[in-house]
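Each structure below appears as structure tokens.
Both of the next two complexes hold subunit A, though its partner changes from subunit B to subunit C.
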Partner chain A sequence: MLQAPDVALLPLLPILLVLAGALLSTLLGFWVSRRTLTVINIVTVILSGAGMIFLWNQGLSSFAGGLQADNAAILLGLTILVGTLMTLLVSLDTAWRARVSFPEFDAMLMYAVTGCLLIVFSGDLIVMLIGLEIMSLSGYVLATLQDSRRAEESGLKYFLLGAAGSAILIYGIAFVYGATGSLNYAAIAAKVGSVSNLTPENTGILVGGSLLLLAGFAFKIALVPFHQWTPDVYSGAPTTVSLFLSTVVKVAAFAGMLRVFGGALADAPGWAGVLQILTAATLIIGNTAALLQLNFKRMMAYSAVAHTGFLAMCLLGTQALGGAALGYYLLVYTLMTAAALAVVAALQRTETGFEINDMRGLYYRHPGYAIALSVCLASLAGLPPFAGFFGKYLAFQAAFQNGYVWLSVLAAVTSVAALVYYLRPAMLMFMPDRTPAKEYTRGERFPTTLTIGLGVAGVTVLGILPNVWYGWVANPAIWQLLAGR
Partner chain B sequence: MVPTSYYIALSGILFALGMIGVLTRRTAIMVFLSVELMLNAANIALVAFARSWGDLTGQTAVFIVMTLAAAEVAIGLAIIVAIFRKRETTNVDDLAAMKG
Partner chain C sequence: MFDPQWLPTIMIFLPLLGSLLLFLAPNRWRDELAGFVAVLTLGLGLMIWYTGGSGLLGLNWIPALGITYSVELSGVSLALALVTAFMSFIAVLYAARRIPNPGTMLALILAMETGLLGIFAARDLILFYVFFEDALLPSLLMLAIYGKAHRMRALVKFAAYTLFGSLLMLVSIIGVRYLGGSPTFALVDLKQNLVTGPAQTWLYLGFLTAMAVKLPLWPLHAWLPDFHEQNHDSGVPDVMGTLYKVGGYGLFTFAIPLFPDASLELRPILMGLAAFTALYSAWVAFGQKDWKRLLAYAGLSHMGFVALGVFSLNETAVIGAMYLLAFQNLYTGALFLSVGMVQERIGSLDTRVGGLMTGAGALGGMTMALWFASIAVPGMAGFIGEFSVLLGAYQVSPWVAFAAGLTTIAAAAYALTAFQTTFWQARPLGGIAVRDLVHTEWLILGLPLVIAIFFGVYSAPALNLMQPAVKSVLAALGGS
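Moving on to the complex of A and B:
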């Protein structure tokens, strides 16, 4: 007996709008200039955000629970759209200098965002997998798109390690399916929640499956020891692409992890113990390696690895605290990283970014951008009154209250080390310098300035008045329904 | 009827072979081939579990995984060809301009 599938398109609206932007870029690319397409895409992204706000509190779902537009999805989806908007604005100025200013760039970017939103809205392991693959495959193309040896090297590294990560993830999905007999988050959570439903044999398969899933996700979010591709990809790809990969793609991968580990497998044994060890390793190695970098862009890549550690601590918290901390921290992380990399994208002379020593005296040549960059660096380092401080505080609190005391202590110690590598470039910028400028002098253009202004304003406002965003994400009811029970 | 555990053992062996290939092979094409082996191991496991649960979801998931693998081939080979055109090699050890 065949049943008509439950297809409601309304919950899909934000995804469909972004997809429309992607399809328009693919088709119209033959006739109109890339700048026009970017403007069209900015409009679709804003419309998609309006669509999400319209879906707020409606709790719709579609495809028999395979897709759910609950409040958690909307909050994380809005974060993704903020990152996308910042990438598109920066790319208006910098894509032509990076020699990636053709319609395919926009099309791939928007396809990747479609995949990201699909992960965020997923209610089913297979939907999550499809979104993850759309996102990753577009990401491989974006990293390779620039016709240079560095970009191709970074693209191949990203592709080979990303594909291996996806394969491990799919094997994990197969095992979770084998243990629970379902791919739907809610059904898995119901099965896992009462261990009596599982035979001892199935419990073993479930533990194996969740560890494989963890390893697969660890590749995507760059947890040590699966982070090796990160510095090479982020420093080899054009800076605009690194900005996209280190904000939007990472937010989406974390959203997938939150759905799977915070929702479907929340009560499964085993994975939390492994995740705390990986998190500790990420905090130590990410922060230590960032200390040793001489190139600013590469340092930001390691800073992204270090922040993966702080963000992963939220996953170790309880659903209510951890979900709220992750929801707050992801938006703050997106704002500060995107604004910092936007400064690099605007002022770099080549796509390698600039050396930290060349930043000496930046304040006297580009006062506005230098101040903005130091605000972002202070926020990344976790200094009050900027929002990075409150984000870190929430992450530590989430892990601490769930019993991971030693991890919180370790994170506090490593964030002191982080102060050194974030504040060194910030101090250098304000030192007088008589040597000729090593950066691109005409990089200050309006869309980039708008992006940086958005990032700095966001970081400052959210730091002084955290409740502007935290008030929305702090409602525990949002995060208790991650699996859609 | 062959017990499910036999199929899982087979898929485990395939997955391990693929993993060893990814870790030891030095040519991009061979690394990529090993990844495909890992995906097929996952497919065998999905089908075997679907049979033991008497549920078709797992079987349909295999179709999606196969489609994903095909899309991955399209992108992956394009990247590898682009690199081969410029360097006449796909040895991953030669792609080491960025370190540290």
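Moving on to the complex of A and C:
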């Protein structure tokens, strides 16, 4: 008997709103200026956020569970929208300087966000894959959009390695489908939940599939040894794009991982052991390599790798603790990274960012931005009273309480290196300097200031009163049904 | 009159509020505003003392994680908070006088005071950690803004040592609650749910690392001399840095109650390390040619005594250690400032200047009196502390106490030699005329000295304050 497909548009609302923004940017670009488009997009992003808040606690799903608007999706989706909002605001000021100020920039950005939201709302592997591909393809274009050799190199590198990553991911999906006979998270979880149901050959395929999936995701979130593209792409792309890639895209990739590994494959054997090794390697290599950087933007790229390590510790936690930790940390990470890169975008002379030594005395030339940047760096380093500390604390706790004590000790030790490389630029800014300024002097503009203010206020408030956000993500029930019902 | 439970909270955050207000206040009122806030904070502390301790205030901070906002100022913590508030006031006085356009420095002093008072008041491990790190940022900024040529190295060293210790402590903190099964991180709850067995020793080691860095204890002390040497000549950041040596207090308040078996188990090793720190740094101090480095090592030597007292777990020794920890802040801090005054007059921190006494008799006299306090001459507060530590430690381990006792001789040697070569001897030909103490400088050196003498002669008020707290902490050890 033919069954009517289960199509409910309400749970799709936030995604459709963002998609509408993308389509509008594509079409209206012929008639209105890019700034107008950006403002329109900011409005659609805010509306999409309102839509998500409307869907809170309703637990809706669509396409027979292929798409689910549960609370986890909403919390991570809001994080993505915060990052998008900050990117759009910064792009108002800096896109023209980076020579990417045309409507296609906005269109691509919004398509990427649509993909990100699809990943977050995904209920089966195919929807997740489609979202991931939309996100990645738009990301490749964004990285290449600037007319320069560096951007081309960055985009091509991103594309080639990203394509390899996607291929591995798809292969993994095929394996998992082969082992469990389903693409739906809940169905996979039900099969995996009792591994004894699987015949021994199937277990092998399942382990292989989950490891391939892990490798595919590791490309996207930049886990060592799949991180090689990160520094080149982040430092080669225009800073606004780096901001987007290192916050929104990373949050989405982590959300996908949380769905797949925290939900569908939570009980599958094999991947946790590999993930802990990769996490350890990421912590060591990311933090050590960041120590050696001379360019601030490149250092931030390595810091993004290092933070992948801290974030991945959350994935190793139990569902309740790890999910809550990740939910909190991702928002904080977005706020502090976006605000820090916004300062770079505003004050850099060229899109290569600035050298760390050139930051000397920044406090005496741009006091507001320098203080904001040092707050972000302190937060990234995990110093209280800023929110980065609680993020780190939650990540340590998640790993520790699930038995990965050695990993939390290792993370503590590598955090010392992290402190050193964040501290040097932060402190240099406060050292008096008599040489001429090496940064762009007219970079302080209102939308950027708003972004930075948002980031700094968020990091401070969430650090002093973590409950403002943690109270929402702390409910374990949210994270125990990641796979859906 | 409202509930005294809230007084510590007001006392902690008042300086921070003041430091934020400083940025808004017009330039010419900044000194007065900072001084006013510092005095008010000290007044609040005295009020808590007068009411006999504040009692415990416990609020849920992050209920989902079991993190509470528990603060209390009484006993040892109140004594240390009072000294902190007092020395912050002295630091504000001198900074206002010495540093041109001192707004930033004053704001940093007050911001750091908040962190320090928080450390002493916190009765929740996570809260303790938060304040512990909060005090770090202002002290780093002082070094970055006002430091000398090689400050970046000193700064990175200082921060890396501190964070290395404290992050291991953070892992320990997570472990203490999780393995013990306590509902919250509040000290009262944790005491009910102790971790036992070998896990306790490991967790203690994590905690100890942080405290050993902040004591500091050999071999984790290397940041200290560079930190003091590279800081501003006036010695104001050094006063705050001295107050920040809270390792002894942390061990006393958190480590002994939470890791009683491990403290007993590791006692011989730790006492040995402490005695070695005291003796070794006194020896190194003897060879120093820079006043700041010399004072850094002298302070380190005192901290060896504090550590010896705390690690010995003997009541007399622990009281002595806390007494010494509180009062060495007065005279070590004041000595840093007196060195700052010498530097202001002759532009050098060298210990071989010579002949200052001819021009600046009062400065020389005050400095000498402070040195006497520092090397534990009877009649000064330092004597009571060091003597009690040795007396108590002797009952536990006579030979270690003997070795540490040698330090007092070495202390006299390094202190008096450096004093003699700076203030006596012949004034070099062509040396500039040296001005004596003027205006507030009398107060800045005089007040700490008067208090050090007062509590050296009449120690009862301070002892009465500390003794019950020490007794109750040591009672957890099961009558040793």
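One rule holds for everything that comes next: the second predicted complex is superposed on the first by the 485 of 485 C-alpha atoms of A that agree within 3 Å, B and C clash if a C-alpha of one lies under 4 Å from a C-alpha of the other, contacts with A are read in each partner's own complex, and residues count from 1 in each chain.
As a convention for this text, a contact is a pair of C-beta atoms (placed from the backbone, for glycine too) under 8 Å apart; a residue touches a chain by one contact, two chains touch by 3 or more.
Computed from a predicted structure; not experimentally measured.
Peer 1: Look at A:57 in the shared chain and tell me whether it touches subunit B only, subunit C only, both, or neither; answer first, second, both or neither.
Peer 2: neither
Peer 1: After lining up the shared chain so the two structures overlap, which partner does A:471 touch, if you call subunit B first and subunit C second: first, second, both or neither?
Peer 2: A:471 contacts subunit C only, not subunit B.
Peer 1: Touching A:400 in the superposition: subunit B (first), subunit C (second), both, neither?
Peer 2: Touch partner of A:400: subunit C, not subunit B.
Peer 1: Is A:175 in contact with subunit B, with subunit C, with both, or with neither (first, second, both, neither)?
Peer 2: first
Peer 1: Considering only touches as defined above, state whether A:424 meets subunit B (first), subunit C (second), both or neither.
Peer 2: A:424 sits against subunit C, while subunit B stays out of touch.
Peer 1: Pick one for A:435: touches subunit B only (first), subunit C only (second), both, or neither.
Peer 2: neither
Peer 1: After overlaying the two complexes on chain A, where does the subunit B footprint on subunit A coincide with the subunit C footprint?
Peer 2: On subunit A, the subunit B and subunit C contacts do not overlap at all.
Peer 1: Which residues of subunit A touch subunit B once you look at their complex with the stated criterion?
Peer 2: 126, 129-130, 133, 137, 140-141, 144, 149-150, 152-157, 159-160, 163-164, 166-168, 170-171, 173-175, 177-178, 181-183, 231-232, 235-236, 289, 292-293, 298
Peer 1: For subunit C, which residues count as touching subunit A in their complex?
Peer 2: Where subunit C meets subunit A, its residues are 61-65, 126, 129-130, 133-134, 136-137, 140-141, 143-145, 151-152, 155-156, 159-160, 163-164, 167-168, 170-171, 174-175, 178.
Peer 1: Show me the residue ranges of subunit A that touch subunit C in the complex, using the header's touch definition.
Peer 2: Checking each residue of subunit A against subunit C gives 324, 378, 382-385, 389, 393-394, 396-397, 400-401, 405, 408-409, 412-413, 415-416, 419-420, 423-424, 427-428, 430-432, 466-467, 470-471, 474.
Peer 1: Using the touch definition from the top, list the residues of subunit B that touch subunit A in their complex.
Peer 2: 8, 11, 15, 18, 22, 28, 31-32, 35, 38-39, 41-43, 45-46, 48-50, 52-53, 55, 57-58, 61, 64-65, 68, 71-72, 75-76, 79-80, 82-83, 86-87, 92, 95, 97-98, 100
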